[in-house]
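The structure follows.
Per-chain numbering from 1; labels A, B, C, D, E and F assigned in written order.
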Amino acid sequence: MPYVNIKITREGATAAQKAALIKGATQLLVDVLGKNPATTVVVVEEIETDNWGIGGESITVRRQAGR
Amino acid sequence: MPYVNIKITREGATAAQKAALIKGATQLLVDVLGKNPATTVVVVEEIETDNWGIGGESITVRRQAGR
Amino acid sequence: MPYVNIKITREGATAAQKAALIKGATQLLVDVLGKNPATTVVVVEEIETDNWGIGGESITVRRQAGR
Amino acid sequence: MPYVNIKITREGATAAQKAALIKGATQLLVDVLGKNPATTVVVVEEIETDNWGIGGESITVRRQAGR
Amino acid sequence: MPYVNIKITREGATAAQKAALIKGATQLLVDVLGKNPATTVVVVEEIETDNWGIGGESITVRRQAGR
Amino acid sequence: MPYVNIKITREGATAAQKAALIKGATQLLVDVLGKNPATTVVVVEEIETDNWGIGGESITVRRQAGR
């Protein structure tokens, strides 16, 4: 019954890519810890680049600066 | 001062239903642990069905398959 | 398939009280949104009073001050 | 490598304000614990006022009631 | 710069298993979305079985009942 | 009524340092967005170094390797 929360910036991830994250994260818990996939929950959250910071500045600013 | 985070799929929950979740979760903390409702915070997050997975597949796919 | 995360201060909640939180939160999602209890996950996290703040001060300090 | 998650109601915070939250939270971790800002992540999440509750009622209702 | 939070029950996961979760989740983000592993953060949280519920009952109770 | 969650590695942060995080994060929300400190919640979570990964490896391993 694990719960996995994946936060990424909202930059065009497709439904197929998000399905791959869900499938891959679930399989990881099965492979490493033998967890039951039927009750493994994965939630992907997409965050605006204005709202995500690293190094003290937003991803929006970092993208503009080529970082 | 509890904090409750409720994550559900975004499938048309109304303002009245979300108000009922807020009221009910707050009351639960009062009833079970005697917490002060005035500082009990409840945050409801609605997640796209493409972004929620269980059993290794997204809710979008599960809905289409009738699961 | 909702996911509920309840954060409270670590101040002696018993297993029975935590079971009541799990049961009550699950029932709330069933009652308000018709969710399936079999895939409703509730996680209770207990946080040291030094690590929880409200009003800019820790719960430890507030308890000592009788607030 | 701290991770800071700031949840606020969605009520018109500007990109500049969110940049200030990112900068300020990162600096706080540097000042208090000597953390490396380069790997400090800050995520700001904006929540609809219908979805945020305190005192058992939503912020939408509280705003309407002048609370 | 993704952030991955994996919550599991505290039932004896070893440091090697947790390292495998960290490595696998990081690689998943690289493979699916081309993310930079250097700024991908993975946090594993282990939750007491009394504090984790599914189907309205705690994992402690489910284990005792053989579910 | 913001909610701030600060996750750091468990490496000996003192009560005074955690109080400084609580005070500083609360003040940040007051300064930047004019939020009410009385209902601003800050939760600090300390995570074992085995359970925190960046760059695909745990902080325990990184510390041992001098990274």
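Methods note: a residue touches a chain if its C-beta (ideal position, glycine included) is under 8 Å from a C-beta of that chain, and two chains touch if they have at least 3 such contacts.
The shown structure was predicted, so the numbers you read here are calculated from the model rather than taken from an experiment.
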Third chains touching both subunit C and subunit A: B, E
Shortest path length from subunit A to subunit D (each step joins two touching chains): 1
Contact-richer chain pair [A-E vs C-F]: A-E
Listed pair (E-F, B-F or A-D) duplicating the A-C contact set, over half by residue number: B-F
Geometric centre distance via CA averages, subunit F-subunit D, whole Å: 13
Subunit C-subunit E separation of Cα centroids, rounded to whole Å: 20
Where subunit D and subunit E are represented by their mean Cα positions, the distance between them in whole Å: 25
In subunit F, residues with contacts to at least two other chains: 1, 3, 7, 21, 25, 39, 41, 43, 45, 52, 54
Contact pairs between chains, per stated definition: A-B, A-C, A-D, A-E, B-C, B-D, B-F, C-E, C-F, D-E, D-F, E-F
Touching residues on subunit F, where the partner in the complex is subunit B: 1, 3, 39, 41, 43
Partner subunit C, residues of subunit F touching it in the complex: 15, 18-19, 21-23, 25-27, 37-46
Touch list for subunit C against partner subunit B, complex: 1-9, 13, 17, 20-21, 24-25, 28-29, 31-33, 35, 39, 52, 54, 59
Touching residues (chain side subunit C, partner subunit F) in the complex: 7, 45, 47, 50-58, 60-61
